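Same chain, two partners: subunit A is paired with subunit B first, then with subunit C.
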Partner chain A sequence: MTAPSKPRSPVRRRVIQAAAASAALTTLGFPAIVRAQSKRLKVGVLLPRSGYQGFIGQSCQKGADLAPGVIKQMLGVDVELMNADTETNVDVARTRAERLIQEGANVLVGAFDSGQTVAIAQVAEQRGTPLVINIAAAPQITEQGYKFVFRNFQTARDIVGNGLRLTGDLFHATNTVPRTAVFMHVNDTFGTAVSRGIAAAMPHMTQLPFKIVDTISYDPAARDLTVEVSKAKASNADFLMLVCRLNDAIALRREMVKQRWNPMGIISPGSPGMYEEQYFKTLGKFSEYSISNVPWYNPRAELTHVVEKAFQKQNPGEKFPFHGLNVGFTFEAIMIAADAFKRAGSTDPKTLADAIRQTNIPRKMMLGAPIKFNAKGQVEGIGSACVQNLKGLPTVVLPADAATAKPVFPAPYYKA
Partner chain B sequence: MSAQRRAQVLLAILAVALIVLPFVSGSYVLSVATLILFFAFTGQAWNVMMGFAGQLSLGHSLYVGLGAYAAAGLFFHYGIGPWAGVWLAIALCVVAGAVIGFLAFRFGISGVYFALLTIAFAEFTRIGFDHITWLGGAAGLFIKVEQRDTWDLLNLRGTPKMFYFVMLALAAGAFAFCTWLLRSRAGYYWQAIREDEDAAQALGINTFRWKMLAVVISAAMTGVAGVFYAFYYNNLFPEQTYHISRSIEIILGPIIGGLGTLFGPILGAAVLTILADSITEIMAAAGIEVPGVKQVFYGLCLLVVIMFLPNGIWPAIARRLGLKDK
Partner chain C sequence: MPLELVVNVAISGVLTGLVYGLMALGLSVIFGVVRVVNFAHGEMMTIAMYAVVVLFAALGLDPLLLVIPIAAAFFGFGYVLQAGLINPFITRPEHSQFLLLVAIGLIMVNALLVIFGPDARNVQVDYQLESFAIGPILFDKVRVIAAGAALATSAALFAFFKLTLTGKAIRACADNHLGALVVGLNVKHLYALTFGVGAACVAVAGCMMVLLVDVTPVLGPSYTLLAFVIVIVGGLGSMPGALLGGVLIGMSESLAGLFIEPSAKSMFSFGLLILVLLFRPQGLMGRRA
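And then the complex of A and B:
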C-alpha cells in the first residue's frame, strides 16, 4: 500500500512559485558558476538615456546597438548587450551597475558623464568586473589606481591641449594670423573646467599667434546674451573662442547676427554645441563655418565606413556625422572588450582585464594612435579634429590626412 | 496586544530584517538598501524642519554638500578621517543653517519665500564651489579609492556591506533621536509653531529661538549624511552635490511617507526607491526600452499616492495596524 500522494498544486501556482523562486535567486545573487565558460560576451551598457543627458545617451546607444553585428562580422565574436539607463543620476548609475554585474555582465561599458562613470567604476573595481569607458573626460578617473577600469577617451587636459593646437594648425593651413581673441564660456561645471584648462595651457602654447583680450562667462540657461555679445563685440577681437553647450551656442550665434558682429570666425577649443544637429536645424545658414576642435572619427578610415553603413541600416532617417562622435567611442569601447574576449578566450574577469590591458588595435574608427592602454588604463594619443560646419554638416577639415574638405577661415561674411 | 506593544514588535522585526539583509542578499539589493537608508536618514533630517516645525526648505542639498566637502577636503588634503571631519561638517552646516534661519526669521520671511531663500543659498554655494580650486572646483574632488576587502571604519574605507551597516546605524540613530526630539519640549513647541505660529507666540513660545533650533538640528543631521555621501561615492561635483534635484530627492521620502511622522521618511524612502527600481525591472522584463517611460510611470504613481493618501502612506498603514500615526 502506497502512501497517499501529496496533492499537487495547480499548474498556475507552480509556475508562479517557480518564477518567484528564480526571481528570488536572481535578486539574492546566484553564484555565476559557469561564467568563465561562456562563448558569448555579455556587455553591460550603461548610458544616460533619460534625464537631461538623455539625448546624448541615446546617441551613444546607437553605437552600442550596431556593435554586435559589426563585431561578429569583424572578429567573429558573439556579443550580447545588456542595456541600462542611468537616468543621468549617479545613484541610479551605481545600482544599475550592480544589477548588470549580478545578472552576469562580463564587462561594463559607459557612461558618458564623469560623475556617473566614477560611480560605476567603483562598483566595477569592487566586483572585479572590467569597465571600458566610452566617454568621460575627468582626468582623475584613471589616476585612482584602478585595476579594472579602462578609458578610450581623451582627458579634459588633452581635449583642451589638442583643441588649442588645432587652432594653431587652422591658422597655419589658412595662412591667417589673428592677433586677438575674445574668450566666451558657459559658467557651468564643464565650461569652468575647460576655461581653467585653457588658462593653464595658453602660456605653454607659444606657437599660437593670438592673445586673449577678454574673457566673458555666461549662464548656460541664459535666454538673452545681448550684454555678453555686446561686450565681446566691443573688444574688437579678431575671432571668438567659445566653450559652449547647445542652447547657449544657438542663442549666442543669433545674437551675433542681430548685432552684426562678424569676427573672423567662431572656434571652440573643445566643447559640444556647434556640431550638433539642432544647431544646424535652428540656425540654418548661420550655422555655417563655425568650428569645433573635438575628439572625432576619421571619415577616411575603413572601419568608419563599415560602422556608418551599419548605422544607416539601423537608423535610416538619421545623419551619421551628427552621431559619429558618440557612436564611434561607444562602438570602440565594445570592440575593445570583444577583442580582449577573443584573445583571452574566457569571460573570467581577471583574464579579461589582463587581455584588455594588452590591447593593440590599429584598425580603428576614431582619430589618433592605435588603441593601447598605459599602466593606468588610459589610451594615449587619441586625436582631435578641426570640424567645420560646411554645407549643413560637421566636416573634418584638419588634420589633413583625415580631412574631407579644406578649412574656410576667415568666414566669408567677415569684413575687416 | 496594545498599540505600543504592536509597534515595538514591528520595529523589532524590521530591525532584525535589516541586520540580516546583507547576509542573504546580493550586492545589488545591498546597494539599493543603502540608498534607501541614506534617503531615510536625510528625509528624517528634513522632517525635523518641515514635518515638526513647519519650515519648508527646498535647499537641503546645501547641507549635504557642505558636509561632504568639509570631510572630503580634510581627508583629501590632510588625511584627517571622516569621524574627525564630521565635526567640521556639522559646525559648517550649523553656521549655514543659522545664517539662513536668522535672515529669514529675523526679517519675517516665511512660507514660499523662506523656501526660495533656501534654494538661493544652495544655488550660490554651488556656483561658489565651482571656483574653489582647493576643493577641486568644477572639475570635481576625488577621494582616492582602494581595493577594499576589509573594513576600515576609522577612515570609512571598506566593502559595500560596511557602508550599509554604517548607514543603518546612522538611520537608526536618526530615528531614535527624532523620537526623543518629538517627545521633548522642543517637539511640542515645534508642533505648536507648525500648527499656528501666532497662537504659539501668544502662549509665550519664543518662536524665533525654536525655529532656529529646528533649522540647525536639521542642517547638522544633513551634514552628517553629506559625510557619508562623500566617502560612499568618493567623488564630488558641485553641480551634482548642490543641485536642486538632490534637495527634491531628499524631501520626496517624507512627503510620500507621511510628513511630521517618525516612520514616514523611512517608509517613503523605501517606497520611492523600490518603486523606481521595480518599474525599471518590470519594463526590462516586458522588453520595453523607451527612455523616459519609467519617469512617466513614476510620476503617475506619485500622483496616485498624493491624490488618495494626501497625508502620506504611513498614517494610513498605521491606522490599519492600529498604531499611532507618529
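And then the complex of A and C:
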C-alpha cells in the first residue's frame, strides 16, 4: 500500500510541462535546441494586410506573430519581427521592402501575392538581402538567377500539376466523368501564371476526362461579375474550374446563385479564396462543397501541433483550419531564416543566404518533401491536398492517407 | 451567341447603370450648383455603406428601411461639411478646392480603416441572392430594387428643384450667383442645402450598393472615379445626364465584357469618356459653358 501522493503544486506542474515540451521539441530533430543566441535576427515581414487581399494577409500575419515564440523554444534563436503592410499594392510593396532594409532587416519574408513578391524580390536582390517567400507561385520569381531569393512554396506549374492530378483523383474516387469545364481565372500575375500552367499541362493530362470549353479571365477587384458568370453559364459546362482570390470568389459564388447556375461543382486547381473563413461566413450554406486543390498543412505532423497550440493561444476562438495554410507557410519561411541564422551565426547577408541555400529541414508542418532549396532557390516536392468545404470547415478529402472525410461530387445542388 | 444571353447581360447592364447613375447624381447636383467637384464622393458613399452595416448588425434593420434615416443623417452631415469647411473655399482657386476634398476623402478612408479595419463587411438579407424570371430573362431582385430607388430619387430631386421655392432658389444660385446675392438670397445657406441634398443622394446609393457589393474602407476612391467618369459623360451638373451616363457606362461595360473580354470591360468606360471629351466636351446632356 502506498501513501497517497501530495497534490502537485502549480510550480511543479509548470516545470513538468516545460520539461515535457522541451522533450517533445527535441524529437522534432532540431539540433542543440534551446541554446541561447546572443544576437537577434531581424525579420522584415511584408504582407498585404489591407486592400482586397487584406484578409489573407492578416491570416499570414498570424503565422508570423506566433513564430518568434515557437522558434525561440525550438531553436533558441531570438527573432524580432518588423512588420510592413503592402496594402495589396506592388509599388507599396517595393517601397516598404526598401524601408525595412534601411531600418535594419536582416532577412525579408513575404509577400503572399506574386506581383508584390516580384517587386520585393528585385529590391532584395539589388540590396543583397535574403528574401524567403512564404506564398507566391509565379514561376519567374525563381527563374531570374537571383542569389538572395528563396521560395518554400509551389510554383504555379507545380500547383497546377498537383491540382489537376487531384482533380482526376477526385473523379476517380467519386466515380464521376464530367466531360466539360469552363475555366475562370483572375487576371493578376498569379492567375495568369496558373492559366498558362493549365494550358501547358492539360494536353499531357490524358487521364482527365474533360475538356475546357471556354476560358474567362476577370479582374480580381471587379465591382460586378454578372457578365463573367453569364458567359460561363452559357457554356453549359459540367463544372467550373476556378482560379480566384477571396473577394472575387465570394462575388462570383453569389452571382452563380442569383443566375441559378448549378454545375456539378466548383473546383480550384490551386488558388486561395474558397477555403478562407470569410468565404464561409459570407456565403453560409452556399460555401458548401466548393473544392480547392492546394498546398496544405499536414494535420498529423508534430510541428503542426506545436504551431496550432501557439495559434490557439494567440487567437482564442479562431479556427485553425481556416488559417493553417497561410500560417504554416509564413511560419516555415521565418523558421527557415532562423534556422539558417543559427547555423551561420551571423547576420551578414551573404553568409545568411549561403546558409539558407544549405537548409535541410525534414520535420516540417506543410505536406511534402523536406525543405531543401535547389540551385534556383526553390523547394521541390511540396505536396497538395484536395480540400472540400464540408459542414462549415475546409476538410481534407484527398489524398486518402491524409483525408478526414470522403469527397462529395457532384454537389447536391447540381441539376443536370 | 444566344440572344437570351445578350438580353440578360444588357438588362443587367441597364440595372447596374441606374445604380451607378444614382451614385453619380449627388456629385452632379453638387457641381451643378456649388461648382465644386466632390472628390470625397465615393468615400462618403462608403461611410453610408458602413452605417448600414453597423445599424443592420446592431438593430437587425433591413437596409431598405434604413434609407430614409441614413439619408437624413447624411443631409445634416453634408450641410455641416459645406457650411463649415467648403464654403470658405468657394472663391478660392480650383486646385485648393480639389486638394481640400481629396484631403477630406483621405481622412475618411483612414478613419474607416482605424475604426473598422481593412476587412470586407456586408449585410445578409433573405432576398439578397434572389432573382425572378420572366420567360428566359432573369432579373436580379436587388438590382431591380436599386434601379427603382435610383428612378424614385431622381424623380424626387426633379420635383424638389422644379416645384419648391427652395429648389427654385437653388437653381437661381446655380444660374446667376451674383444675381442671387443681389436679390437677397442666402447663397451660403443654399449651397449648404445643396451639398446636403447631394450627400443624401450618396447615402441612398450607399444603402443600395451595400446589397450588391461588400464594403471595405478602400472602396471609396474607385467609386469617386467612376462617379466622375459618369458625370463627365452625362454632363457635369445635369441630373438626367448623370442617369444617362450611368446607364451608358453600365451597358458599355456589360456588352464589352460579353462581346470582347470581361477583364477589359472597365477599359471601355474610359474609352467612352475619351470619346465624349473629344466630340462633346460638355457631356451628352451638359450645357456648353
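Going forward, the second predicted complex is superposed on the first by the 297 of 416 C-alpha atoms of A that agree within 3 Å, B and C clash if a C-alpha of one lies under 4 Å from a C-alpha of the other, contacts with A are read in each partner's own complex, and residues count from 1 in each chain.
One rule holds for everything that comes next: a residue touches a chain if its C-beta (ideal position, glycine included) is under 8 Å from a C-beta of that chain, and two chains touch if they have at least 3 such contacts.
These numbers were taken from a predicted model, which means no experiment stands behind them.
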item	value
First, second, both or neither for A:G54, with subunit B first and subunit C second	both
Touching partner for A:I250 - first (subunit B), second (subunit C), both, neither	second
Partner chain in contact with A:G115 - subunit B first, subunit C second, else both or neither	first
Which superposed partner A:Y275 touches (first subunit B, second subunit C, both, neither)	neither
Touched partner set for A:Q259, first subunit B, second subunit C, both or neither	second
Subunit B versus subunit C as contact partner of A:N187, first or second or both or neither	both
Partner chain(s) touched by A:T95 [first = subunit B, second = subunit C, both, neither]	first
Shared subunit A surface residues [contacts with subunit B and with subunit C]	49-50, 54, 58, 187
Partner subunit A, residues of subunit C touching it in the complex	1-2, 5, 8-9, 12, 16, 113, 117-120, 122, 124, 128-131, 138, 140, 212-214, 216-218, 222, 253-254, 257-258, 261-263, 265-266
Interface residues, subunit A side, partner subunit B - complex	27-29, 49-50, 54, 57-58, 83, 85, 87, 90-92, 94-96, 98-99, 101-102, 114-115, 118-119, 121-123, 125-127, 138, 140, 143-147, 156, 187-193, 196
Complex contact set, residues of subunit B against subunit A	24-32, 35, 127, 130-131, 133, 137-140, 142, 144-148, 159-160, 233-235, 237-240, 276-277, 280, 289, 291-292, 294-295
Contact set on subunit A toward subunit C in their complex	49-52, 54-55, 58, 187, 216-219, 221-224, 226-228, 230-231, 234, 247, 250-251, 254, 257-260, 278, 282, 284, 286
